[in-house]
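What follows is a group of structures, each given as structure tokens.
Next come two complexes built around subunit A: one with subunit B, the other with subunit C.
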Partner chain A sequence: MTESLRVTVERQEGFAIVYTEGYINNQGGEEIARVAYQLIDEGRKILLLNLNGTKIVNSIGISILIEIIEKMIEIDGKLGFCNLTATIAKTFEIMGLSQYAQIFPDEAQALAGLRTSA
Partner chain B sequence: MTGNAVLREVTLTLPMLPDMEVAASKTATAMAEYMQMTPDRIDEVRMAVIEACINAFEHSHAPDRKVYMTFEVLGGGEPELLRISVRDTGIGFKPAGGRPAPGPGTRIGGTKRGWGLKIIQGLMDSVEIDSNAGGGTTVVMSKRRSAGADSREAGELRR
Partner chain C sequence: MTPLSREDWEDLLVLSQTETAARPLISRLLAHWCQAHHAEAAALYLDRGNLLERECTHGAREFPDVYDLAAPNPEFARGLALVRLPAGALLYAPGDVPLADASTLLISEAAKALRLQRQLKEQRFQANYRGVELEALYDVGLKVAGTLDLEQLSEEILLHAVMLLDARRGALYLLGPEGYRLQRTFGGEAEPAFENHDTALARFIAGGEAPETLLPGARHLLGVGIEIEGSPRGLIAVGDKESRRGVGPFRAADRRSLGLFANQAAIALENARLHLQALEKERLEREMSLAAEIQRQILPKGPPDLPGYEIAGWNRPDAQVGGDYYGFLDAGSGRFGLALGDVSGKGMPAALLVSTLHSALRLLAERDGVGIGFLERLNTHLADSSTANKFVTLFFAQLHPETGALDYLNAGHNPAILLRQNGQLDELGSGGVPLGLIRAARFESQRTDLNPGDLLCLYSDGITEATAPDDEEFGMSRLGEILTGYRHLPLAQMIEAIDGAVTAFAEGHPQADDQTVVLVRRVG
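Coming up: the complex of A and B.
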């Protein structure tokens, strides 16, 4: 049984939106990290992860997201999340992600918030 | 009036293989749906089960490479409480002299890990851990059908 993660990217001037679909486990987290580091290498310092298509995550996957957050802090960039299920939001809260990354209810509010704070 | 009769029980033996935690989460979802938990509470149970399985997969070093799970719906006529037991036959951890449980933020394999128990405790209504050096670990976690049922029913169920 494999629940693979599908990642798609929308590139815009200076920032990018990463859409996920499926389970964020260790492989899923690594795929997101691969895409995020590629976007950083392209010069994008603002990333938004839209988790609308993700209903389950695990702590290994989230640990990898924390590494991406640390990388964004290192380069003085910003990483935001939007469209989280209530349980994923609660899990992020438990793991302290909300201290270092902004969490928005939807994409429109996320884009407005991330651009304002940039 | 509540009770603690077992209204429905499912047992599951999982091999410690990639993504097997998802199979366990599907059983948990089916049991929680049978109880008519709200979607958010079902999601919380599902996530807690995933974490409990991953903990066993990663840290137990169980020689049989298996996790033994029991899902029980308890109540007095109506389903009131979902109790899930996750048992491994691994090396166990403290306080009985085994390995220490990795705490939140512990670096394992390059990433900050050790959040499993904290997540389970945050998502479930109650969690009990029984672990002995060399004797394996059993995590028993429970969630009431609704948040409104709360401590009154939990108290009755403990009697």
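Coming up: the complex of A and C.
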């Protein structure tokens, strides 16, 4: 697994999918935040974070993800996560992220779920 | 100062009642404050330890992200002013506006509420993250009953450790016979190995400085030993604890957390190691069992049928697979070939050479015949096929059944015993160089006759060198006495008698070498 985070984006009408590969730590989290805020500035109010390439998120990364969630709430947007490892999914649940962001098992279900609730 | 309208107040009231609208509320209040005080721009900062962190701005001016009250502020030179608030500060321009009014009070109270909210959020975050740590310990504990794959387990353990401690780097070492070996690394390079009693590493595990090469480039390291009942099994090391401001040293609480984690990891790793050992043992036993079966197939299944002769062979390896060999082959032109060999060494390597010997004997006999140079060709083949320290002693004979003429060669093996009809005991072919040692070795054939009533005995040194508890060897004399005393019995019973005599002589001393006997009696 690549430890430094790589972020790629697939832009679609009104929403975007952000793919992560690597460690979501301080640096990784900041990169995700940078991309997310840029997408928000572009007018996209639905973001899906696909964490298929990420096996590990530390507390700094989680705090940054929470900030992104708060920003999405502020702009009345929606944030979803998909393809989480069991450990990350459990961590998100304990940390309360699942109360404010939707968590899906895979991308297809995530896209269907986010579009439905938009 | 322009007062707030009724609508403004209603908006602000709505924002103040929404938990997630703290920032929009502050932003509105700041905008109102700037308007009220004719300020071009302002920024609200909240206290974060020794620093002030920018929370919100209004106006076109740039404000620093972080403001250090203890350091000189170049911004003042550019017309900025600062007023301290209970929860932080306001930075604003220009610096000559009056401040003691309701809007400043509103901002101050809103800032206090926001700071409290943030502190509460941080505490809740930390409390929840304790839950994550407990889950991580529980997860690793589950692995004790779950993952027995050492590679996968090592990765899980290291990732959990790095995640839990907010580290940027990590390394997991396992202690083996040759010292600490790097099992897994994360976030960068790590030293591949440390000696078992490396003093620098021991100091590090005890809380001292880390060896420079452990995680090259990491500035702050923490390491704990992985132990089972006080016995070291490995090491987990992490480097560079992250915060929002960068990296820094680990705390005492981190050492405690990592120590707890290492305890769980130790059990999981030990289970995986024992499982791996058990699998390896099982695999070896299966291979040995298979090798033993193959060896049994190589040795003759029963006595060959040679009119005018009785023939019997017997072999007992001292372990599952052995290094003794005997065989019968068609030597061409009506001749009957018999061989008895002993491969140097024990276990699987010896068994493999036995297999090579068996194949080579048959192949060469079939291809080139058993004539002049047969043993030389066999010697060359074995010398080329085996390693430098492996050799075979071999007694090989060709019998002309009709005449009883026996041509024999001895390559370093025990001399055969020929018991004559009249009771005379002859030794056949002592000396010679074992096969596979010297590529250019030459072997000289000798001849004798097997007359009616004569008995030829080939044997391995597992018979004559069988030892009693006092280290006395069975010896050729005793073997000769057994052959003489039981000469009139069927060959199978003679072999039983030899086996019985050797076993009785050993008096329970464990068999130390393979034992093989071949008997040939001319009856007609």
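As a convention for this text, the second predicted complex is superposed on the first by the 116 of 118 C-alpha atoms of A that agree within 3 Å, B and C clash if a C-alpha of one lies under 4 Å from a C-alpha of the other, contacts with A are read in each partner's own complex, and residues count from 1 in each chain.
As a working rule, a residue touches a chain if its C-beta (ideal position, glycine included) is under 8 Å from a C-beta of that chain, and two chains touch if they have at least 3 such contacts.
As the structure is a prediction and not an experimental result, all values here were calculated from the model.
For the composite obtained by superposing both complexes on subunit A, the positions of subunit B and subunit C are in clash. In the superposition on chain A, A:95 makes contact with both subunit B and subunit C. Touch criterion met: A:73 reaches subunit C, while subunit B stays clear of it. In the superposition on chain A, A:116 makes contact with neither subunit B nor subunit C. In the overlay built on the shared chain, the residue A:63 is in contact with subunit B and with subunit C. After overlaying the two complexes on the shared chain, residue contacts for A:25 are found with subunit B and with subunit C alike. In the three-chain superposition model, subunit A touches both subunit B and subunit C at residues 3, 23, 25, 55-60, 62-63, 66, 87, 90-91, 94-95. Considering their complex, residues 3, 23, 25-26, 55-60, 62-63, 66, 70, 73-74, 87, 90-91, 94-96 of subunit A touch subunit C.
Across the complex, subunit A is touched by residues 18-23, 25, 40, 43-44, 46-47, 50-51, 54, 104, 111-113, 115-116, 118-119, 122-123 of subunit B.
Of all residues in subunit A, only 1-3, 23, 25, 55-60, 62-64, 66-67, 85-88, 90-91, 94-95 touch subunit B in the complex they form.
Interface residues of subunit C facing subunit A in the complex, by the touch rule stated above, are 20-21, 23-24, 125, 128-129, 131-132, 135-136, 139, 159-160, 162-164, 166-168, 186-188, 242-244, 246.
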